[in-house]
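Across the two complexes that follow, chain A remains constant while its partner is chain B and subsequently chain C.
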Partner chain A sequence: MELLRPESAEAASAALGNGSVALAGGTELVPLLRDGIVRAEKLVELRDVVPRGFDGTRIGAGTTLAELEVDPQIPQALREACSLAASPQLRSMSTLGGNLLQATRCWYWRLNFPCYLHGGDVCHAKAGQHREHAIFGSDRCASAHPSDPAAALLALGARLHTTARELPLSELYRLPTDDNRDVTALEPGELILELDVPQPEASVYLKAMERRKWSFALVGVAAARFADGVRLALAGVAPVPWALSSPDALEQATPLPGTAYKVDIARALIRRAVEAVGAPRSA
Partner chain B sequence: MNAPARTLELGRVGESVKRVDAIPKVTGEFAYSSDLFAAGMLWGHTVRSPHAHALIEEVDISEAVGMAGVHAVLTHTDVPGAKAYGLEFADQPVLAIERVRYFGEPVAIVAAEHPEQARRAAERIRVAYEPLEPVVDPERATEQEPIHDGRPTAGHGFRDDPRPNVVRSIVIRHGDPDAQGEVTVSGVYELGIQDQAFLGPESGLAVPDGEGGVDVYVATQWLHVDRDQVAPCLGLDPEQVRIHLSGVGGAFGGREDLSMQIHASMLALHTNRPVKMVYNREESFVGHIHRHPAKIWMEHRAKRDGKLVNVRARILLDGGAYASSSAAVTANASAFACGPYAVENALVECACVYTNNPPCGAMRGFGAVQSCFAHEAQMDKLGAELGMDPVELRLRNALAPGDSLPTGQKITGSFPAAEVIRRAAALPIPEPEELPRDALRLPGGSGNTTRGEGVRRGVGFAVGFKNVCYSEGFDDSTAARVRLAASDDGIAAVVHCAAAEVGQGVVNVILQTARTELDLDEVVLGSATTSSVGSAGSASASRMTWMAAGAVQLACRAAKDELERRGGDLEHGETIDVERVYHHRPTTPLDRETGQVTGDGAHVAYICAAMRVVAEVDVELGLTRVVWIGTAQDVGKAVNPQAVYGQIEGGIAQGLGLALMEEIQTQDGLITNASFTDYLIPTTLDMPPVEAQLVEEPEPDAPYGVKGVGEPPTVVSTAAVASALRDATGRQLTRVPVRPDEIVGLP
Partner chain C sequence: MRVELTVNGERREADAWAGESLLYVLRERLGLPGSKNACEQGECGSCSVLLDGRLVCACLVLAAQADGHELVTVEGLGEEAGLHPVQEAFAETGAVQCGFCTPGFVVATADLLARNPRPSDDEIREALSGNLCRCTGYAKIFDAVRLAAGS
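Then we have the complex of A and B:
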């Protein structure tokens, strides 16, 4: 395997594809390479080309979770989501960009079962074990998106700047379809460079886990209060980070037999998160 | 009372002595078996089955053998001696022959200059499989095709059970199994598969001796029984195989069976180079046996005053693909099924079956953990039915010396069950903490999920017991060797004992015993290998302190007698070198039809513990916080009190893990969460403070009155934590681990 170290984002973009894969902190990519889920002949190192650090409401996609979790400029929901992700060692390597693009933790997928998301015809989780799986958007694939920061950023209304365009975070994600099994809408070679993260009046991230620290979210709830209302987004409930238009929208959930309990957890967590951020000032 | 603050360097029996390995371990200087190195060594790698059950049609190694750096590629045809091995029954192929029976079963092995070369060569070994329907439901296993030809465990004096796939079944019939009570409660209880989750993966180094033999440096629990399994498979005499204990990073039963010992030896003898093997974490999950998952039905019949009349139990254990120590686990699960209570009538039926699930064997608590979870849930249920205080109910039935177990064995030694119950119940529980509090002091922990909303508090209680030492006629012994020599300041001693230090602190036991017996500070620990001293038996069954202390005491006393005979002193250059073997009192098998004791009795002695747990549960989210644990444990005599407290806390953590989060998940026999990302074990944040009381009632037949301490905390804590969660939620919680989905949605 070869490691490329391009000097500009454009050069990095150009180098991608045809067996070349972008490498940021590597905490997600390296295990996937090891397990043969991602195959690559060349790794394109992003460290020198994707911005790192923050300035006002602009955050470089190369900033590590460890850097974000401690800075008071960063909205509380994002800080909390970062500090609750993974472990300190991983957070000091993990970049925000890599975090948004991490793959599902679904065991079937990670064990290379020929499931729907891998291009097959069936979702093994639905017929098998799916306690950790989705309550929304599970028509085809019932996986649960693991990113805590993504839920926070979604509630905060973040926008992305990529090498090709500017788009709201919600448009980064898509549900897999029969002709395209991707859960993100990045074009080949497109890199996430920066994020614009509006400052809310208040925000929180609450994360229900099976262990008191260092585990993925069963359900994570981000709430951000802006002058025009409270925005909600959830981790661990759908194949992509899931925005809710209102607390009542939870009742549209379509859980699997084994995930119905997540609706109960989400309901209580949403109530608590909304209480924690309080009513909009203008209201 | 908690662990004493001050420890000594060179203490004697009964004093708190600093662990010899403590500083090197916390400073990272301790050499574990994975740190071994030999000049010119090769790296071994194992090719494993991706199927839980399949026929092997062909193994094609042609491409792999020619690859860069590769020195050997071996399959079952290269096994020089016996093709199969096993702790109790030789039912497990060294390398699979014609058929694989579990996910991860070794099929071929490779040695290469570099571990990556070995791994790549392993990838190029083409194994053609024809997948077979796996037997994965233990309840159906006794009706499905046998996964082993013949019956590996037949003819071993077990009860005849003609059903396919039965490893062992036991029926214990005691008194009148139809006896009626005034109140009856019953329930079905389940436990998932727990992993030992030791932090040091399987690893070791095999070094050929140039004369056809091999030295194996390995992290193991029982050097001599490793040797006795390795040598026949290599076609060697036992003396040609020398097993040396290397740094052990945790064991908990998971190192009783062999892992890489034969494989590395085969590669070393084949290449005439030292060969090192180290499993990675995922591989470790398939590289050792686990705790048996269980499904247990129990019915308790009692008088209105709470006195038990009759206990009926049906226990089903899933042994997985190979027998390992399943037969003994089956015996334990049945013998202790009624708990530490006097019951005049009982009918216990227990079976362990072969399936294509991950193989199960020894793990801390060994069958008693499963039974304890069920019988204590039943005692809680009975208490609720009778409207009786749970502690009072347990005291009323507590087993005492002179009483009999359902096996008919009379308890003769020390057995302070009532005392541990009283002492644990008397420990004051902490007051509920005020709100607001830090998230870390609430259910949900760092996830910041509650400020107190939804939180209910519960208090649980449980009692459990098990045997110390091996049982059912197993002739168990431990050897120790003592050498005395003149030194500049008098006499110095070297003690050899092959007891495996697996983190439990047996090295200190050996040294403290020798210092006490010889009345000497100058005692050094000699090497522990199969060539320097006789067998110590296994570091398991909570037996090693008792047995090692017994053996070292005998050897020291013999050395002292010899010294006296020589006039009380040694000349420069003169030595005394004695080896002695200690046996505990003999045991005898259970009657194969009735499960009743024959002869002296099936067990040597018993140990018990009682535990009180305070937990908080956020009933809206199903998240928990264990707030506090108080326990009283029957230890006989604490040789090194500080180490005893350590065992109690560690054992509790492991039981708490099973109660709350630890479970190997399988799909059609494949392990789906073979990593520490997906198989969760408790962190220090999940562990509450522990208040431990040691109950020291000496065991009459044991050296210094010691018993064992490693297992009771694990046996009881799973049951006790579940009891507290039941109290907080009002739910039955019949399955562990208890997950949020079983708690949420409470009205």
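Then we have the complex of A and C:
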């Protein structure tokens, strides 16, 4: 294996594919490489080519969670989502771009079971252990998207700037289908460069965990109030970050036997989050 | 590939494969086994080191990523002449049983106290949340941090 240090985002993008994989902080990629789930002949280091830091409402995808969690310019929901993610050691390396693209924590997937998401025919979790899994969108793969910042950014209505285009964060994600098992819609070689994150009137991120610190979300709820209403998005409930059109939309959840409890948690967190940001004036 | 690091103030070089972790290079190539290898998944913090002054898990950083950068490991905290105050406090309060987690806790505590010399219990809990101990039940580790903060 070889490490490339391209001089521009365009050069990095051109170097990708054909066994070359992008490396940001490495907190996700390094263990996947070690466990043989991702194979790479070359790693393309993004550190010097993907923007880092923030300017007004624009955030570089190379900014670390540790930098985001302490900055008062950053909307509260995103700050809280970052500070509640992982541990201090991980947040100091983890970039926002890498966080949005992290893979599922489903143990079957991480242990390389030939499951649906890995291209197989069955979801092992549905018949087996699935306490941490989905309550929405689980027709095929029942994994739960682990990113806290993604839920916050979805509620905030963030837009991405990539090396190829501009798109709303909601369009970065897709549910896996029989002919394409990816959960993101990035093209080969496409890099996330920056995010535009609108300033809400108020926002909050609440996270239910197995313990108070340092744990993936059982359910995470982001709420952001804008002049035209409150937007909600959830982590840990579907194979992709999940936007809810209203608190009542939760009642359309289709939990598995082992995840029904998540609906109750989500209901309680949504109520608290909506109270915290203040109900929309029209309600 | 050849990796050049400043480790505990000293220039060091090592030949490493590009996929090797910083933890592996420290322990197996540079003779610094103080940082421990327990989970290799970023979950336990026993491999905690300071990379350019920031606390990281050495098991999740590639040595190649650290090329040209500055590191402090647990070996860099004390001196021949005497222990670092945090090490002193861990020994004094008996915050060590099997000791496997201790180097990581010592580095994380030294980092916390350098930034925040008088942390509250909540700040201690937050700063050490990435370090797991399977033996002590944490009470004596809290005592050690409070003692080091007072000294």
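Keep in mind that, in the parts below, the second predicted complex is superposed on the first by the 279 of 283 C-alpha atoms of A that agree within 3 Å, B and C clash if a C-alpha of one lies under 4 Å from a C-alpha of the other, contacts with A are read in each partner's own complex, and residues count from 1 in each chain.
Here is the rule we use: contacts are C-beta pairs under 8 Å (C-beta built on N, C-alpha and C of every residue); 3 or more make two chains touch, one makes a residue touch a chain.
As the structure is a prediction and not an experimental result, all values here were calculated from the model.
Contacts of A:W107 after superposition: chain B is touched, whereas chain C is not reached. In the superposed pair of complexes, A:L33 makes contact with chain C only, with no contact to chain B. Using the contact criterion defined above for the overlaid structures, shared-chain residue A:L84 touches chain B, although it does not reach chain C. Chain A has more of its residues touched by B than by the other of chain B and chain C. Once chain A of one complex is fitted onto chain A of the other, the partner contacts of A:L269 are limited to chain B, with no touch recorded for chain C. Within the superposed three-chain model, A:G128 lies in touch with chain B and out of touch with chain C [touch as defined at top]. When the two complexes are overlaid on their common chain A, residue A:W214 makes contact with chain B and with chain C alike.
After overlaying the two complexes on the shared chain, residue contacts for A:L206 are found with chain B alone; chain C is out of touch.
Comparing which residues of chain A touch chain B with which touch chain C, the overlap comprises 213-214.
Every residue of chain C that touches chain A in the complex is listed here, in rising order: 1, 17-19, 21, 40-42, 45, 48, 54-57, 59-62, 64-65, 108, 125-127, 129-131. By the touch rule above, chain A contacts chain C in their complex via residues 1-3, 23, 26-27, 30-31, 33-34, 43, 45, 47, 66, 86-90, 92-93, 213-214. In the complex of the two chains, the chain B residues touching chain A come out as 440, 444-451, 453-454, 620-623, 625, 660-661, 665, 667, 670, 672-673, 677-678, 680, 682-683, 685-686, 739-741, 744-745. By the touch criterion given at the top, residues 80, 84, 105, 107-108, 111, 124, 128-129, 131, 204-215, 217-218, 258, 261, 264-265, 268-269, 272 of chain A touch chain B in their complex.
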